[in-house]
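Below are two complexes that have chain A in common, paired first with chain B and then with chain C.
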Partner chain A sequence: MNWRKFFYRAHGDSPFKRLIIHLILIGACVIAVYPILRIFTISIRPGDRLLSTDLRIIPKDATLNSYRLVLFGDPVTKRKSDFFLWLWNSLVITLTTATIGVILSASAAYAFSRFRFPGRGPGLIFLLTTQMIPAGMLLLPLYIMLSRLKLINNYLGLVIAYSVTSVPFSIWILKGYFDTIPLDLEEAALIDGTSRLGAFYRIILPLSTPSLAIAFLFNFMSGWSEYLVARVVLQKANMYTWPLGLWTFAGQFTLAAGRFAAASIMIALPAMALFLYSSKWLVSGLTLGGVKG
Partner chain B sequence: MISLTPQIMATSLVTVLRFLLMIIGALALVEAVVYTLFHRRPKNVLFGVVVLALTALFLFVFVRYVRPATGFTTTRKVGIGIALLLVDLAAYWLLSGPRISKLGLAYLLLTPALIGITGLIIYPFAYNVYLAFTNMSMTTVRTYTFSLQNGLNNFKSVFTGVVAHDATFWEVLLRSILWTAINVFFHVTGGMALALLLNRPMRFRGLYRTLLVFPWAIPQTIACMALRNEFNYHYGFFNVLLRNLGLKPINWLTDPFWAFVAVCISNIWLGIPFMMVIILGGLQSISQEYYEAAEIDGASGWQQFRHITLPLLRPVTTPAIILGTVWTFNALNVIYLVTGGNPQEKTDILVSSLYKAAFDFYRYGFAAAFALVVFAFLFLFSLIYIRMTGGLKAAYE
Partner chain C sequence: MASVTYDHVTKCFGDVIAVNDMTLDIPDKEFLVLVGPSGCGKTTALRLLAGLEEVTSGIIKIGDRVVNDVAPKDRDIAMVFQSYALYPHMSVYDNMAFGLKLRKMPKREIDRRVKEAAEILGIQELLDRKPRQLSGGQRQRVALGRAIVREPQVFLMDEPLSNLDAKLRVQTRAEISKLHQRLQATFIYVTHDQTEAMTMGTRIAVMKDGVLQQVDTPQNLYDYPGNMFVAGFIGSPAMNFFETTLSGTVEEMYAEGPGFKVRVPADKTHALRDYLGKRVIFGIRPEDIHDAEYAPPGITAETITAKVDVTELMGSEVFVYLLTDAKTFIGRFDPRTSARVGKTIDAVFNMAKTHFFDPNTERAIR
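Up next, the complex of A and B:
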């Protein structure tokens, strides 16, 4: 391989330095990815060798049996699989909350970015303060509230409970991004006769795709793998979201490790695909307060 | 028969006057609220009366017919209430001329988020404050009492008693601080190092970046459960590796010290990508001209980093560090799923003890008080940090 050509874009640095940088990054990537590959490894191990000290990524006698068990149920015990039900429940709940969350955050973020209204500074600080509420603190009040509203064992209850979890953080991200869009663009539109809201809808929102995608992603991810609230709100087995369902695997031993891993992989893949797909926007969209200079 | 004695006339006059006064008062209140919200002057009295009459009508309908109705669920009643309120506000808006001031628009845009946050964060928080002054527990779910004494008892036992089963508050607090400091330190340095390495034109840059965000991309629940298995004494990756290297395997989950190391490793692994991405975003928006100028002046790489990169990154890193600290402090998932606070609550941090107090030991009143203490602690920390760095100013000005 032509090393000079291999590193040709890294002008300025010596080839040795470039080699070191690549080696460090490769090492970091291995650390980042290996634990996830291990889940995959366990998921394709044959049932009698789930516990093994083998470090190979593709084990001997690799089998897709665990996947079959998760997807189609156990042919021996005639237990049907609830996997698709869990996935469907999670998907509906999470997509709804993410959409609500993004709409709420985007409109509030626009107000924070473009208007100097009384209470703006305190409002932003307040949003940051909400992040300091200890995890689990609001769970009990929320449970009592939802049970008074008869929303326990109700998807709507979970949607409501999730809908604002990521809103304060999303407002910060979106506001930071809106700040970087020049005011001139809107002013031009206003002179051309659009209303303020029209300018927001037609100019700011299309220009903010990266950060909107990121905000959607955060809202989606926070609901997608949420366990503690779901456990409290959804108590019927046929309403379970996947984290609750996955936990039922953790409860049974024997074959569970393989099924657990297989289900994990199948659940993680769409979420990771979504995440990685939007990762092209991750760097540009995630601006916590614009850097001036 | 009612005879109109002067006395009755006087009382009824007072009643009428009081009623009128109430209407005027309410009207003034509505106008005041609307004026502060939308900076609009009231149009005229007649229009105010119309709106007020509508409000009164809706209120009457709601109180008289909707609230006591047995055919509706509570949800539907609340829904109807909100709908009536919205119709009322719309009527006000239409009658006052469908035109809003700039600030009015700002508040209008904020309203949906505000309603959500009020209902799902502020209200539960206030309810939590209320619970902190009750002796609510598993056995007193229906018979609990609310009193100052109960509150004082709760707060006292937070600081003097055990918080879950074995550990005391101070012990857990100390561990939480240690946990947060270690994690945030590694998150920031690790994230910064990777971001600096990635922030240059080179081959495979996109690939590296994609692979490096994997720990963030994988649902946290799954990552934590998987990492827990990797700390298994016999089959976990870490011990297998140690054995292959000829070293003694470690009791990751039963030795208090190593269990703490295990949760730290897990959380550091999970948290670096976020910092890396944030810092990379900040680095990319620093103009290259600064470095060129510094290069001409003969500044070394370290000097450039110290005097250009770090100061210009501050508006990005300050909120990121605050959020990172707060999230790490609140990392209930990681503790709960990796070690569960074991052995003997030696890896519990404040939030996991809090969760145990509420949902394993059902000490609701106590847990509420405990939660307030934790919140106050975090809040104070952030306040001091913000004051010290002044970094947030740049973000919200």
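Up next, the complex of A and C:
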């Protein structure tokens, strides 16, 4: 490789500057990837060896036994696997959250973008401030409200709790995007024969797929790996989402580290696949909101 | 097909009056051009008719039907936007068919209408493309096509040519005029370009600050402007205005301006008799000012001396900026003129084509 050319390639930065940039980026990559590699290593070690002096990523005696135990249960103790139950619970809750979230935030964002009504400005600011309150602070009031509504140990309770935090952010993303869609398009549709709702449905929504994808993903992700609120709302073991399920591998004095790690890796896969699949939209969607024209 | 009526229509945005007590009758099949400078309320007037804005007071009728509270989709109108407003996610065909599909028209009829419109506009080969794959001129045609297929009672056009380059604009201008003749529908066309207004309109409505100034045929508007604004707005280069004082008698009246004194022709003195000894605004169009040497024969000529400030050769004519007593005015001279910058020349006013305006009301004195 022609190193001189490599270092001079972009923007004509000096080799020194590019070297520094690359060192920082490599450092960041290592920090980001190391824990995942570590978990992967633990997941393929035999037994439940959490700590080891071996630094190899794939140890000599690597085995997929932990994966088998997680997926199909333990034949020795006859303990059945709950992995698919957790996965199912998580999927039901997060997909419902994301779907409801997108529908709610798209219609709210459209109103904020297109109509001028009393309280519009303060409303937007208020939505933003909800993002500044840490989840831990919301926990107690949320629990009291959900228990009064008899929504503890109920999927709907968790869906509501997740939507409360993710919908305001989605509204901002979608409003920013709707603002960039020229009014003329809707007016043309109104004259062509749609109602206001029809124009929203037939013109605005199809044009907003990148930002809708962003909002959906954001809503999905905020629920997918959440532990704290789920722990409070769901107390029956058969309703556990996967973050709660993972903790059942940890006993009072023991930790089934291998199974814990294997389950973690398998849980991360659907989310990763979703991200990779939608990465193109993600990038364009994130930048599109800010660029007019 | 239908007529359109604005009956004392007013539209306010907060404290701003965008359209002020507008009354206008547009007969069936007319090509009416609403013209005026930016912010004069012409687009608002059009949007009120389209139903995109609500009327503050007054009545708008399409045909015999009051449409104040009728939704845009039920007004039986089609509109062409300045930005074209083509739906980016639909093909050209779907853009044109959109309105018909919403009206649940049979597929075959939609297909027939879209293809027919595409043929009229010469865009048959573009039907499968998306708007982003089209040039500005092509998009313009698609926008027109989308309006045509609807076969509406009234066509509304909001500065549809302003995003096209000069050559295409002239070409499309002629095509829209042809389209009007072919479709025999009522067209209401908004523009700030007085050339478009003059060339296309059956009648022109001139607006300023939300107020309708004058409505007339292009020729009448040009020859008999009702006030100084219309006189200055219609015609390019604009009419020259001079502050003058009328002197003499009704039989022999003179207008004394900066550095000149000209005799007012006999047919105009009667109307001006109340202004004797008072100030009036004297207006004359550049083409009615000639180089004395090349003045056409038979005109009521009054000669004045002026200094040449700037000359602009346009090929078939020369725009000569003249100075008399520090007042600049423009003459449209024969290209053979000997006028050169810095030279003092004799210029001739064609007095039969002059206009007089009241300095206070700015209305024409006739």
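One rule holds in what follows: the second predicted complex is superposed on the first by the 244 of 293 C-alpha atoms of A that agree within 3 Å, B and C clash if a C-alpha of one lies under 4 Å from a C-alpha of the other, contacts with A are read in each partner's own complex, and residues count from 1 in each chain.
What we mean here is this: contacts are C-beta pairs under 8 Å (C-beta built on N, C-alpha and C of every residue); 3 or more make two chains touch, one makes a residue touch a chain.
The model shown is predicted, which means the values in this text are computed figures rather than measured ones.
Of the two partner chains, chain B is the only one that A:Lys150 touches; chain C does not reach it. In the superposition on chain A, contact is made by A:Val164 with chain B only, not with chain C. Ranking chain B and chain C by residues of chain A touched puts B first. Using the contact criterion defined above for the overlaid structures, shared-chain residue A:Leu91 touches neither chain B nor chain C, since it reaches no partner. Once chain A of one complex is fitted onto chain A of the other, the partner contacts of A:Asp192 are limited to chain C, with no touch recorded for chain B.
Within the superposed three-chain model, A:Phe275 lies in touch with chain B and out of touch with chain C [touch as defined at top]. Of the two partner chains placed by superposition, only chain B is touched by A:Ser264; chain C is not. Shared interface residues of chain A (contacting chain B in one complex, chain C in the other): none. By the touch criterion given at the top, residues 182, 184-185, 187-195, 198, 203, 206-207 of chain A touch chain C in their complex. Only residues 73-75, 78, 102-103, 105-107, 109-110, 112-114, 116-117, 120-121, 123-125, 127-128, 131, 194, 197-198, 200-204, 208-223, 225-227, 229-230, 234-235, 237, 240-241, 243-244, 269, 273, 277-278, 280-282, 284-287, 290, 312-313, 315-316, 319-320, 322-323, 326-327, 329-333, 350-351, 354-355, 358-359, 364, 367-368, 371, 374-375, 378-379, 382, 392, 394-397 of chain B touch chain A when the two sit together in their complex. Residues 50-52, 71-73, 75, 77-79, 81-83, 85-89, 98-99, 102-103, 146, 150 of chain C are the ones touching chain A in the complex. For chain A in complex with chain B, the residues that touch the partner chain are 6-7, 9-11, 13, 18, 21-22, 24-26, 28-29, 31-36, 38-39, 42, 51-53, 55, 103-105, 107-108, 110-112, 114-115, 117-118, 120-121, 123-125, 128-142, 144-145, 148-151, 156, 160-161, 163-164, 167-169, 171-172, 176, 196-197, 221, 224-225, 227-228, 243, 246, 250, 257, 260-261, 264, 267-268, 271-272, 275-276, 279, 282-284, 286-293.
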